[in-house]
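First chain written, first letter: the chains are A, B, C and D, and each begins at residue 1.
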Amino acid sequence: MVEVGGVELQSPVMAASGTFGYGTDVPLCDRKALGGMVSKGIFLNARPGTPPPRIVETPSGMLNAIGLQGPGVEAVIRDYAPLWATWDFPVLVNINGESVDEYGELAARLDGVPGVAGLEVNISCPNVREGGLFFGNNPESAAAVTTAVRRRTSLPLWVKLTPAVSDISAIARACEEAGADALSAVNTFVGMSFDLGSGQPRLAFRTGGLSGPAIRPLALYLAYQVARAVSIPVVGIGGIARAEDAMEFLLAGCRAVQVGTATFVDPNAIGKIAAGISLPLVGKDPLAQSSDRPLASR
Amino acid sequence: MVEVGGVELQSPVMAASGTFGYGTDVPLCDRKALGGMVSKGIFLNARPGTPPPRIVETPSGMLNAIGLQGPGVEAVIRDYAPLWATWDFPVLVNINGESVDEYGELAARLDGVPGVAGLEVNISCPNVREGGLFFGNNPESAAAVTTAVRRRTSLPLWVKLTPAVSDISAIARACEEAGADALSAVNTFVGMSFDLGSGQPRLAFRTGGLSGPAIRPLALYLAYQVARAVSIPVVGIGGIARAEDAMEFLLAGCRAVQVGTATFVDPNAIGKIAAGISLPLVGKDPLAQSSDRPLASR
Amino acid sequence: MYDVEAPLAGRREVARGVWVLGFEAAPIAHSVRAGQFVNLLLRPGPLLRRPFSVYRVDHDVVEVVLKAVGEGTRMLLELRPGDRVSMLGPLGTGFELEREGGPVALVSGGLGVAPMPLAAREAQALGLTVHWVHGARTADELCREWEGDEAWWATDDGSLGVAGSVLQAVPVGVGQVLGCGPNRMLAALAERWPEAQVALETYMGCGTGVCLGCAVPRTSGVFDRACQEGPVYRSGSIRWRDLPTALHYAVSA
Amino acid sequence: MYDVEAPLAGRREVARGVWVLGFEAAPIAHSVRAGQFVNLLLRPGPLLRRPFSVYRVDHDVVEVVLKAVGEGTRMLLELRPGDRVSMLGPLGTGFELEREGGPVALVSGGLGVAPMPLAAREAQALGLTVHWVHGARTADELCREWEGDEAWWATDDGSLGVAGSVLQAVPVGVGQVLGCGPNRMLAALAERWPEAQVALETYMGCGTGVCLGCAVPRTSGVFDRACQEGPVYRSGSIRWRDLPTALHYAVSA
């Protein structure tokens, strides 16, 4: 058992949002090894999602632009939460808003719902009022969302950070101060790809989020920075496909990890990763040993 | 011939800084196809570089932490520039500083040196005065460096942008306003990797820059944003390994491209890429056709 | 759903450049239905799995039919007997045939032939008459193998059978139409037979229903999952205009 | 420097799990010198090339010796005759033997045996006496092939030859020492023979001198390129403390 920001996980390896549906469609995954799961991201209301193509494969990665397709919070409370309440592993709901108020409203609706073990606040959503930049792109809007959610719920509150920012530590600290119980690091990196035949972007939505092993070294560095910046637990995410990869995130200071794209490749990736983690390693603290040199130079 | 910010290239495919040395060590590269090259990054003074290990392979990519090893500007002027003056393709010098003044000083020394076709200003250098964040991380310091260089040279001035920032368009515009003739987009993304045996980072420097096909979709999106934000030419960089990849950057609005890591894999990668680009494509403007939807959603 | 380490058992060419590969995968062979697919993983190879309809089943062997269009298919065609792939399946929802539905036309264009042999057997098992209707650009691109009671052919250049669209080759008097092929062909089929069942192709992330990458736009306004509710749909229930007409791209190293 | 599409010509096992692979690559075979290396690219395979010392040359065939330690070496050992790799070479600066330098000791530990057969032949071509000194953990990990005038063996467990370090097996009276093996062994060798020539391993990005990834710390204070000025150095000119003692990691898909 691993405790992360008020949630008791069965193992340190969880299923990442958007890669495990609502937990009902992954028959081959060893559910005993599953630390817990985060639901597909939901909004207040149902959303149809973006038109196809939604997926582009890239070297050791994939771009996706799903558009947060989903049934809306009431349907989730009605159709899935009762199931979750009967499962052994905890389910967090990944919440998304177009405004700060919408995040707060979602938190209020989910508060106290049996089966909902916690909230993971996805701040990689375009802030419609601020010209479409993500809420997670600066400390102020990240903190505003966190505060709005914190005010309306007593559920464990995790904030999932946006990767492509100039200084993730500042954003992490802002979320911690605004009341987050844990931080998930990180979401997908925005990327794109052009079709040479049409001269147009391959994704109907033009851009998409890059996930998979390609981003692992980048996600690891971000998770490492976040773990150094805050004292709440950090959940590492990005390109984890093997136990060794998960252990790198634990060495970087993470308390647990989430696995996304690897589940598409191997429906029992999480089971294998959880089984392969050798626990003695988890205790090591590399940060204590290494000196504080400046962090980049090429 | 392709003109980019005052530099006449032999083809739209150049060699990227740090991946072609000073142009003297790449016997198998077809130099007729080479649009031009950018030298390894130099500082005012000689630098020994970082200790090994300096390289870590990652899925479809590699991390490097070379530490800008090099002989310093005077040795470059003495030992390489006279050679460059005899070559058919233009050579830009990649300049780096620990302070704004150092950038300016380097520009002054290289101004008017025969064989130096232009400067590429690398702003992915830690700004020692501002706590080690890159100069390229915010519009103000990026503009300050560009201005300092512009004041001290009449050479073509390209600025090479840092990728991991919240809003690359703002930084690109700041460099354009400060007098850049072209923008190179982008440099490597900072990443890291842990060795499970020792529990320590694999690179002696702890972090390194991620390059190679893994970053292509991310670099392409950044180059695309930059091309939309400015009216000076943009040179696309990041994970280009085949002619098709280069064409994606041209479709994204770039005037030319640079090839880095692919040269490590195939010393004549640039020759093959330049030969494979089919020019009719270059004219297409995808931006003119596509509507302006918000740029990300997952 | 099974995940089987499946060795290549054999292969044969059935049209120019088009090969049938047979993999030993008993649990899948014994449970797959016509129109369902398997998702193949190559190591070393590209990151994601590659989906293929099940073509035929022979005892413990699952057959798929393909030609080289990119990295993954090229690597599959380079496998040697005994080489293993990871085969996940059976996936998706297949065709539904009605005993009382009348004679069946299996209408396929090019590689759209893939789900048809299994469909022919299921139809015949129900006692239905099966018209095999298959088209391609030229005679040598037609799949040489067919099943059912009667075969009808079409080629773009008229080198065999009807000259023109495969739709023109469909005989009169059929009660149930099953289609598979390029989206453009299926859209045309939908105009004529809105009740036809068609097997679609979309880009897929997982093939198991969790990524929502395989969105199929339905006339009801929703996006369905081709890998779960599909890949077989009533042709009239699809918003054809919102489906990409050509699926193609390639990943480099 | 040549870039050759080199087909696998043959292979043999020379110690437990250690294989010699021969690739046809005439221009490299005819120009390589002892201590130089080739850089191999697999497609499909990991992004970067993999460096290997040239073990022997047989007419047009270039031989390398290796065991599986990660993805790249595993894939190399799975190649079948006729399969091609891209071989770039010869690379780096090899050993320099002096006609007047006296008898030669070729001192190798484990896979450090790699550059020694070529070195033995070059030494013998100069008329020099060659002592082959080779050590490994156990007898079955010793490379069974050797060249030169006399062979000396060492094993950690004493199962063959001297029990202990290979350095203890070096006979007296040698004039020139060439070494290759783990960095720890080479550092010890440097203490005893600062004039010895040693072939180093470092992680490499390009193998051709342009990336500066293969830094070797010299006592002069600079970092040299193992792929250009090296991989062979005078042992006394290396700052051994600044070299990583163990090189190992693995890339996943």
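Throughout what follows, a contact is a pair of C-beta atoms (placed from the backbone, for glycine too) under 8 Å apart; a residue touches a chain by one contact, two chains touch by 3 or more.
None of the values given here were measured: they were computed from a predicted structure.
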- Item | Identity of the chain that, by mean CA position, is farthest from chain D | C
- Count the C-beta pairs in contact for every pair of chains, then give the pair with the highest total. A-B
- Note on the structure: Whole-Å distance, C-alpha centre of chain C to that of chain D, is 52
- Note on the structure: Between chain B and chain D, the Cα-mean centres are separated in Å by 35
- Query: What is the distance, in whole Å, between the centres of chain A and chain D, each centre taken as the mean of its C-alpha atoms?
  - Reply: 46
- Where chain B touches two or more other chains, by residue: 18, 50, 56, 58-61, 64, 66, 193, 212-213, 244
- Query: What residues in chain C touch two or more of the other chains?
  - Reply: 47, 252-253
- Message: Please output the residues of chain C touching chain D within their complex, sorted ascending.
- Response: 43-45, 47, 71, 75, 253
- Query: For the complex, which residues does chain D have touching chain B?
  - Reply: 1, 3, 41, 46-49, 86, 88, 202-217, 221-223, 228, 242-244, 246-249, 251-253
- Item | Interfacial residue positions of chain A with respect to chain C in the complex | 18-21, 25-28, 40, 48-62, 64, 66, 69, 193, 195, 197, 202, 204, 212-213, 261, 263-268
- For chain A, which residues count as touching chain B in their complex? 18, 41, 50, 56, 58-61, 63-68, 124-126, 132-134, 137-138, 163-167, 187-194, 196, 199-201, 205-210, 212-218, 220-221, 224, 239, 244, 247-248, 251-252, 281, 284, 286, 289-290, 293-298
